[in-house]
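Letters A, B, C and D name the chains as they come in the text, with residue numbers starting at 1 for each one.
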Amino acid sequence: MVASSEAALAGSPTRSDAEVVFNRDEGADNWRMRLRVPGWPRQTAPGQFAMLTPGGLTKLSSDPLLPRPMAVYRVFTEAGGAEVEFLYKVVGRGTTLLSQAEAGEVVGVVGPLGQGFSLPPSKGKAVLVAGGTGVASVYELAALACEKSEVWLLMGARSAADLGNLEDFEALPLNLEIATEDGSRGHRGLVTELMGAAGLDGEEKLTLYACGPTPMMRAVAKLAAERGQRCFVSLENPMACGFGVCLGCAAPRSDGGFSLVCRDGPVFDACEIDWENL
Amino acid sequence: MVASSEAALAGSPTRSDAEVVFNRDEGADNWRMRLRVPGWPRQTAPGQFAMLTPGGLTKLSSDPLLPRPMAVYRVFTEAGGAEVEFLYKVVGRGTTLLSQAEAGEVVGVVGPLGQGFSLPPSKGKAVLVAGGTGVASVYELAALACEKSEVWLLMGARSAADLGNLEDFEALPLNLEIATEDGSRGHRGLVTELMGAAGLDGEEKLTLYACGPTPMMRAVAKLAAERGQRCFVSLENPMACGFGVCLGCAAPRSDGGFSLVCRDGPVFDACEIDWENL
Amino acid sequence: MTSDGAKPGAASVDTSVNVGGIQLRNPVLTASGTFGYGTEFAAFMDLRKIGGFVAKSLTLEPRSGNMPARIVETPSGMMNAIGIENVGVEAFIHEKLPQIPEEVPVVASVFGTDPEMYAETCRRLSDVPQIKGLEINASCPHVKSGGIEFGQNPKVLAELVRVTRKATSIPLLIKLSPNVTSVAEMAKVCEAEGADGISLINTVQALEVNIETRRPVLRNVLGGLSGPAIRPIALRMVWQAAQAVKIPICGIGGIATGEDAVKFLLCGATAVQVGTANYVNPKAAQEVAEGLVAYAQAQGVSALRDLIGALELPESG
Amino acid sequence: MTSDGAKPGAASVDTSVNVGGIQLRNPVLTASGTFGYGTEFAAFMDLRKIGGFVAKSLTLEPRSGNMPARIVETPSGMMNAIGIENVGVEAFIHEKLPQIPEEVPVVASVFGTDPEMYAETCRRLSDVPQIKGLEINASCPHVKSGGIEFGQNPKVLAELVRVTRKATSIPLLIKLSPNVTSVAEMAKVCEAEGADGISLINTVQALEVNIETRRPVLRNVLGGLSGPAIRPIALRMVWQAAQAVKIPICGIGGIATGEDAVKFLLCGATAVQVGTANYVNPKAAQEVAEGLVAYAQAQGVSALRDLIGALELPESG
């Protein structure tokens, strides 16, 4: 009955129907939703996620059936729970339904789930590489890391419009650099190309973090391995449960066997992953 | 390619995604929805219905799967289509979803469908007995009938609140009498008990119309048979298609065999129905 | 060489397919029992935009079907126990068929309670020019005599195919039941007895209960499940049958969009049949045909038949 | 004499049932593979509010399962091909089981690639006090060696039941495959070989395709369909099995609410297992148990077991 100290740190997950505080379109199919979640624990590790069900946990319709995993973007703790913010892109049926939830309606929440990021060593340097919806996973990490370390945040997107609202990031004391594939903002090209530009190639005491499309994470992981730098990635495998019971989200490990992305991740040390078979 | 004159009268049905003009709660789970339906024909027979699909004909979710049959309450013809009004009660999943459709969103419509009411003979007398959501089926009938005949409209509900908004009916030149089971408005008891009160028991040239719960229609049909009066009823069988192809809505006929409620009805001469097996 | 649904300027797509001798302008048919006798859809779509249609199963004599309730909705599906209500083979030929535009290929579905009844119905339909093929409904899961037994027992099925094959020389498709341990085995039986093709799946036998009355919802107790809910089951069976036989397959089960139809072609179907979706959206079949073309254009596929059986399997790992 | 979920003042309902010797405080179990080893749900619900749980299928040695992708969503359902990834019987007994509150009845699910492996696993589980029964998974539709063959061939199934029956004297349930022509036949085989009960259904074999890559979505190609989509199929099979045998049945398939569970009891199930619904709502099983009580109270039913097999059939008309 007494939560272990480890559980208390990561925060024991809750399941509840949460009220939508706001849910707004920020352009280019990027949405920002804030939920008032009763029972959300006081501590959320940066990089944890939640399973969201449009319509609530006992929704009327069984199609789509499964909840959708979403990174916790920001948390505002309050008495008895928290307001939890998510950034999401509308890509299919579940996210379309999510975008239709209006203030006052409910969204089912199970979370916070999974293992978050390890922070960079105090006074170390950290480079966060985020692409696409991966940016949602790194805000809390960036905010925490830049309290004690020097942080570079390299953001990539197809074009400037896809970047969404960067105000929160711009308010942080970090080095923000941007790459867009069409060159409409910042560097023209892939975000991984900024990694050299940051002038940190040789730096061994640097920690790398990558969140985004698998090819991007694979590229960052490869670079890190070559440079002998520590690298964390946040994987996005399809999930049914989100809390380690369906075994559906397995990711092959480099030592053979599987890790569960929802339980052992979503954050992994990049060298633990079998990138060939992912 | 040229529509037959019969089809032109009943109106050839259309299928389209219709815009919600308004959709409002009128209390006690009674809702009124108006749709702007492109291609809706100029003529709708009183008593016809439409199949409605919340979310439109190519909706995102396949649960619930089937469209919901709803009587056409009122029609306002306009160039290239019509505004069509429905009165519905929220009873399950489909009607709950319908009630969530907001102005500007779309609802799939297939209609007008089925065979409507025959009007009472000119200068004849007509008694319309409507219970529950059956009232939605009789407004256009009442409005047309009272142009040329004397009309009694007997309405029944559990209590006054369930009656919903009667303004439209009160504006018609007809004799409106009300029965509620709890006596909160009008006669306390069943609507069929008003049929004697109307003092029309012996009247042979009277046409009876009944819309509502099956037990109520069965009672009216029985009375009509005893009195030798003509009686029409509007049946509500479960439907998949609404236009005569699934054969799911079959109602047993008194001469053996089946009629299709969606194609041959929903309005039937009461003596054609096998009330025992319905 | 047709190009239904082509966007202006987009490459034209060859949509034609041949299902066991039935030449179709595109691979989209409609499934028996979900398209009536073809006349009911005129208000909603253009019959000439689909490959053709399979009419409601016919019996030698008219049949009045089961007592209601006959249908019930289930999660992403519906169940039915209509009981093969139909006008009978003669009324179909003389009253219904003349209403269909001549250029629309019609496949007649045949049902019976013993093989000889099937055969006689086949004979009567075989000389009608507009009827391009027959589909033997060997798999109705809710008719008491006959019906499912034909589709569930390989020996009985073999006998049925043999007898109907003798009765007709026009293209003969056998519609299989999904309520079997091995659909591959049943498909092989059909091929061995000379069927020109296979249609699958018919509905999955199911039961739904009303907890207020504590009775089955359907008066027939059991019914057949159809709709998107069964699509992954149907895809599996089409794939298994396609591995087992060389004769062409009509894929059926929960198809509502062009994307759904693509999956069936990839799994080995030569054509598809749209069923329950016709009820939800009476233009669904035409939209499926258009969606197939749109997919082909987007993917640079010049003939839809290049998709048939093109599923790539992973190296076993 | 328990009364979970009772409203204050409402009549108390006797919820206890006995499934082939397994005494349960209420008829709601959770299904193998959907409830992990029971430890994962502590944050979301009170394990003591359900009848008990069936653990993930165990093999003699730990097993690492199939390569991903392992799951995919389908209309009102999902497919999986996990491949019986599990910690192995010893780790289960020594590491997982001690974490479960003592008063929670555990049913261990057993899987193997030959009957002797099943039997040995059964032996090791039989003397563990908290394990109240064994469930033989004779029906995994996506494991290549073993698995589905046991559940699809009556002779092979008989042999499996015989061997495992000999290996244990604690209550033995056999979990059947829905991928068969006659579930009644398979149920009879189990009864004849001395099984104490039957669990059904396991997942329905299915296939889903990615039309961009033109590959099966699951790396294993085939997977098992679960969730509300299959509920009407499961209900039908439970009803058919209940007609065929006297041993008790655990009904499984798409159960998400108390109402769903009532349907299974009416069709002849003595208990139910909640599966996929646990993923959607981690408190689903507890809510199903509460819903059963609420139904009983509303209907004036004093013992849930009075609902078992209480389905009324229409006079045949």
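In this text, a residue touches a chain if its C-beta (ideal position, glycine included) is under 8 Å from a C-beta of that chain, and two chains touch if they have at least 3 such contacts.
Quantities reported herein were computed from a predicted structural model and do not represent experimental measurements.
Novice: Stepping chain to touching chain, what's the minimum from chain C to chain D?
Specialist: Step count on the best path from chain C to chain D: 1.
Novice: CA centre of chain A versus CA centre of chain C: separation in Å?
Specialist: 46
Novice: Report the inter-chain centroid distance for chain B and chain D in whole angstrom, where each centroid is the mean of the CA atoms.
Specialist: One centre to the other, that is 46 Å.
Novice: Counting only Cα atoms for the centres, state how far chain B is from chain C in Å.
Specialist: Comparing mean C-alpha positions, chain C is 35 Å from chain B.
Novice: Taking each chain's centre as its mean C-alpha position, how far apart are chain A and chain B in Å?
Specialist: The separation of the two C-alpha centroids amounts to 53 Å.
Novice: At least two other chains touched by the same residue of chain C: list those residues.
Specialist: 67, 75-77, 227-229, 317
Novice: Can you list the chain B residues in contact with two or more other chains?
Specialist: In chain B, the residues touching two or more other chains are 62-64, 277.
Novice: Which of line, ring, star, complete or other matches the graph of chains that touch?
Specialist: Its topology is that of a complete graph.
Novice: Chain B touches which residues of chain D in the complex?
Specialist: 75-76, 228, 317
Novice: Chain B touches which residues of chain C in the complex?
Specialist: 33-36, 40-41, 43-44, 56, 64-65, 67-73, 75-78, 80, 82, 85, 227-229, 256-257, 276, 278-283, 287
Novice: Flag every residue of chain D that touches chain C in the complex, lowest number first.
Specialist: 67, 74-77, 79, 152, 179-182, 204-209, 211, 213-216, 219, 221-222, 225, 227-233, 235-236, 239, 254, 259, 262-263, 266-267, 295, 310-314, 317
Novice: Could you list, by residue number, the parts of chain A that touch chain C in their complex?
Specialist: By the definition above, chain A touches chain C via 62-63, 277.
Novice: Would you pull the chain B residues touching chain C in the complex into a rising list?
Specialist: Touch list, chain B to chain C: 12-15, 53, 57-58, 62-67, 108, 110, 237-252, 256-258, 277-278.
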